[in-house]
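One chain, chain A, appears in both complexes that follow, with chain B as partner in the first and chain C in the second.
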Partner chain A sequence: MELKKRYWNEYLKEIAGDNYFYERSCIRQTFFPGSEATFLKVMKEELGRNIVDNPNQHTCTGIGYHSDVVPFNTTMTICARLLSLMKENRFQHLVTSCVTSFGLFNEVVETWKQFPEELEKTRHYLYKATGREFDLPANIAHPSDIIYKFRKELGQKMKYRLVNKETGNPLRAVEHIGCHYSKIFSEQSIGGTEFPHVLAGMIEAWGGEVIDYPERRHCCGFGFRQYLIKANRGYSVANSRKKFESMQPYKPDFILTNCPGCAMFMDKWQYAIAEMEGVTYDDKGMGIPVLTYEELTGILLGYNPWDVGLQLHQVQAESLLNKIGIPYDPQNKYIGVSGKLLGEPQKPDFLRV
Partner chain B sequence: MNEKKILIIGGGPAGLEAAYQLAQNGCSVHLLEKEAEVGGNLKKYATLFPDFSDASEVRKALTDRMIHKNIELETGVCVSELVAEGEKWIAKSDSGKQHSGDAVLLTTGFETFDPSRKEELGYGIYDNVVTSVEFENMLKTGKVRTAAGNMPERIAFLSCIGSRDEKVGNHYCSRVCCINAVKLSIGFKKLQPEAEAYFFYMDMRMAGQCYEELYRKSQEEYGIMYIRGRVSEAAATMDNRIQIKSEDTLLGLPLKLTVDLLVLMVGIESSPSTRLLAAQNGIKGDYGFAQSLNVQKSDNLTKKQGLFLAGTCKRPLTLQETLADARAAALQMLNYLRETVTEGNTAGN
Partner chain C sequence: MGRIYDLLLKDVRFQEGLTACMNCGVCTAICPAAEFYNYDPRQICNIVQSKDEEKMLALLKSDIIWYCGQCMSCKSRCPRGNVPGLIISVLRKVSQELGYFTESEKGRQQFAIKRTIGENIINIGYCVHVEKMDPETHPEQGPVWRWYVDHAEEVVDRLGGNYKKKGSGALRAIAQENIDEINQIFEVTGGSEFYGKIEHFSQEKAKSLKQTTDDEIDMNDYFNRVYTENTKDHQK
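Up next is the complex of A and B:
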């Protein structure tokens, strides 16, 4: 373990301590809507930090850019508009909710630094189209970087730890950081590409144990073109299956993800594989719960799991809540913020819920 | 020529060979070695390619000749500064001691690439990933074992670790690793004939005498399996074996293989002493190796009068080439000293 830590220590980046401009993700708000709300709540109420959630924000074009639908000049100009909102709010520290945005903003800013003429062109395009101006961010962080930075402080506030309440043993977690977090600019990540520490550091700080399994670095199954092009979706599910089979012998209690795509595919494909092959990767037929790091932070702090949004996952998280000893009310699982019943989803044929 | 004194910095094969040749020709030689024992990297080898001769016997032969009336050998001396003062060369050691000579020969050798810089291969992370130097040591003791103490049943060698690799900044070929891996894999198969041995390569560079023959023999008689492809990732399995991913570029297919032991054929890099002393004298060349005056015509000379080079401080060389180069350097130094005696410091480079 000491040797592994040596690697992690070689990848320590500067993470701003306060005054963040939050750039939301397109797909997280649909698939795991509690994650971003939980992050904002943690930042404001637990850590007492300034963070602005500007209502005029929009896509960074990440998915379109990586699918060759949006040209890079357009991407740079749209990212510049988001930065103009940050300027309007008089903030300098950019926090991108999605790892693809994180990778993209790093790519855009690096391009501007390497090719100043591109920066001037982007300034010209944005001003011509919108009359807006922007500054380069002083710091770009992913929300997981910030949670990592404050993991010990948050750990002291947590009501629960990643420990099996029956056995007293650490819960075993698979972590998956997502390609665009560290594979584009490894020096911008915590722990680098091969032995990432951003999620592992949280798990260990909060009492859990990280599983190092052979396919740890393998694709989650999203891989953009594997899924976005319909004919390729077999590759998508095959990649997820390869990971699940590799992690299964280690008996993980849960999977922790960094990227909206990873969370979605590692969650939803467990259902798909169960329906297709009658297979689950736990011993109770319920699947391995997949959580985002914000959701994990929230439930360990004692937030209501249904407020955090765990009921919206395909693989249900009650097995994990039971192991930790987090109370929940099954009756309120599908009650919305308005107090009305949202409606219960249809039960899958094979995956137990 | 006893009145002339020569300093040799580095007691590896090049330093030892040059010291002997100069001493035999009447020069007074002062050989400085930073470690407690002479022999340099040769100490780490069990056998030598391509004839499997005993490395310790070669080392002994080189070392025994240091008992010579014209040679003063000092070990444990780490030279940290090398400067020309007037007509003399001064080598200053870490302890503050100074040694002077009329000419100096740099034989500061090489060091092997630190494979932990290639994180994806898991060296320093996984117990069953070892370097070729560590594997050679296992062969030396006759005990090739996994971390758990078992005889490996399947083993893989990866070539070009730190060589021909833009990512780590080493564009050059280390020249000795291909044939050394052939030698190691045969050595392993002699110990464990039933085991499987794989070798992942970019190109097999068998450009020495008897190399190609040994490469063929390794396939025909020892069943070594050669796969053209780079390994992209190594990861531990539950039973602490190593899973590697590659592509067989001849078949054009991805490949996944689990082995008991993964041997990284680490390349040659300039040694810290070479980089330091070469930089001090303005002769630091590509990749930190020392730069000779002219690679074709004056390969043992430098732009500094009285400063000579031999062996792997210049570039990757085999042992045979290193010894031949040391002899050539000795001859160049003798010529230099003869000319400075007869012509009064006008000779040289």
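Up next is the complex of A and C:
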């Protein structure tokens, strides 16, 4: 057992404990804005951590970079500008909401370390363009790393567990990890590429059971240009379908992801496949609920599911809320910030909502 | 060395991405693009490693280099630490710099990406944004997306955001001085010049497809064409 622990230590990484510079995700803000707000609330109010949300931040260009319209020099310098904002705030621990951004900052910093002339070139470009200077981050973490780090402390505060309230059995979860979190720099992910544990650790700490299934590490299929261009979307949905078909026999109660894109795709492609082919991957025609780790943390802590943003999912989450025993007010689901009822989305033709 | 290989070598990512590929094919075994497209990353590494200018030129003009989904599963498996996904990025860069991307159906799509993601970055400081994802061009987002777009400010602000307003928060309006600095960075680093090349070569292609030499050409038509065109048999 000692040897196993020692070996496992090699698959862990240093995660900063406080004083974070939060770099927002274009995709997360667009599709699940409640998740970012929930993470900030958990950090400040539950864990008492110091985290800054600088209003002058912007895209890291990750999607533009990986769809090959933004050159690497430009991307490196845009990342450097974000680091200059972190320097202005006197922080050194970068937390990137987006998994693409996480992979990108690791790639950029590793490039600077291995090719110092690239670092000097970036410093020159940034200063010439903006008069700014920057430092390399002392630590780069993904927010899911931080939730993992504090999962036991958060678990003690949680009002609910990942247990079926009727049967008492652990809920069965598929965890899906963004490719750019663990496949590019294995040593930067908890558990490495082969034994990813950042989400499994949360699920197990909070009472659930992790499903291992054949296509567990398969890409969800975002594929950058393969989704951005309408003509290419068949690739994207085919990847997700491969995963759904693989997980279906294991009857998951929900899917948990740490990547903003993956969460959106695994939700929306279930809808698209249902409408195109009349197929869902549960036994009720409703699909398998897909949650972000921020949403899961929030609802188990007792936050209103409609304040964390579950109403923005196309596959409805009520089946999971019912299993856990989390109460919710259906009348509150489609209310806006003004308190006004905003009508309801139309119902899909096949997917039951 | 040949012209194309020289251009590839200048990119630090190429130096990092290809070191003595031994043709084992493990990258192809794990590659999702190889599953669903007529795509073989092993073969691409082979061609590049051979430094055959004629074959590399054919690659730059082909659909093949545009099939990769950039998941980097290849990196996780290569026994030599190569990164076919990174080599693809360099090939795509050279293809666009030299204008060869307009020779292929998939390559021509770069114009649409530049006009959407590319221009979002320099105009609003986001890669993607609610107001740029029209439900009409994104039916796969479902009816909940239509509801969300119709009530974006009410919904985003309920969820703790700050929709298109000053200050911090999700989907805030990014202040102009930040947008200005982003544009200055693009100017200084060659990003603007790269965007200009994508536009220029795409306009030349649009003219040749319409068989006209008009200086003014409707690029909206060309956008719609490259965004939706899927004529060849790209799949296995």
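Convention: the second predicted complex is superposed on the first by the 344 of 353 C-alpha atoms of A that agree within 3 Å, B and C clash if a C-alpha of one lies under 4 Å from a C-alpha of the other, contacts with A are read in each partner's own complex, and residues count from 1 in each chain.
As a working rule, a residue touches a chain if its C-beta (ideal position, glycine included) is under 8 Å from a C-beta of that chain, and two chains touch if they have at least 3 such contacts.
Note that the structure is a prediction, hence the values are computed from the model and not measured.
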- With the two structures laid over each other on chain A, which partner does A:249 touch: chain B (first), chain C (second), both, or neither? first
- Now for A:214: first (chain B), second (chain C), both, or neither, which partner does it touch? first
- Between chain B (first) and chain C (second), which does A:93 come into contact with in this model arrangement: first, second, both, or neither? neither
- Task: State whether A:41 touches chain B only (first), chain C only (second), both chains, or neither.
- Result: second
- Task: With the two complexes superposed on chain A, say which partner A:64 touches: chain B (first), chain C (second), both, or neither.
- Result: second
- Query: Touch check for A:312: first (chain B), second (chain C), both, or neither?
  - Reply: second
- Query: Which partner, once the models are overlaid, touches more of chain A's residues, chain C or chain B?
  - Reply: C
- Contact residues common to both interfaces of chain A (with chain B and with chain C): 193, 217
- Would you mind writing out the residues of chain C in touch with chain A in their complex? 11-13, 16, 32-33, 35-37, 66-67, 69-73, 75-76, 89, 92-93, 96, 106, 109-110, 112-114, 116-118, 120-121, 125-130, 133, 137, 140-148, 150-151, 153-161, 166-172, 174-175, 177-179, 181-182, 184-191, 194-195, 198, 226-230, 235
- Taking the complex as given, what residues does chain B use to touch chain A? 116, 119-120, 124-125, 233, 235-238, 243
- Note on the structure: Residue positions on chain A within touch of chain B in the complex are 3-4, 6-7, 192-195, 212-217, 249-250
- chain A residues touching chain C in their complex are 24, 26-30, 33-34, 36-38, 40-41, 53-59, 61-64, 66-74, 76-78, 81, 103, 111, 114-115, 118, 125-126, 128-130, 132, 179-180, 182-184, 186, 193, 217-219, 221-226, 228-239, 242, 268-269, 271-272, 307-309, 311-314, 334-338, 340, 342-348
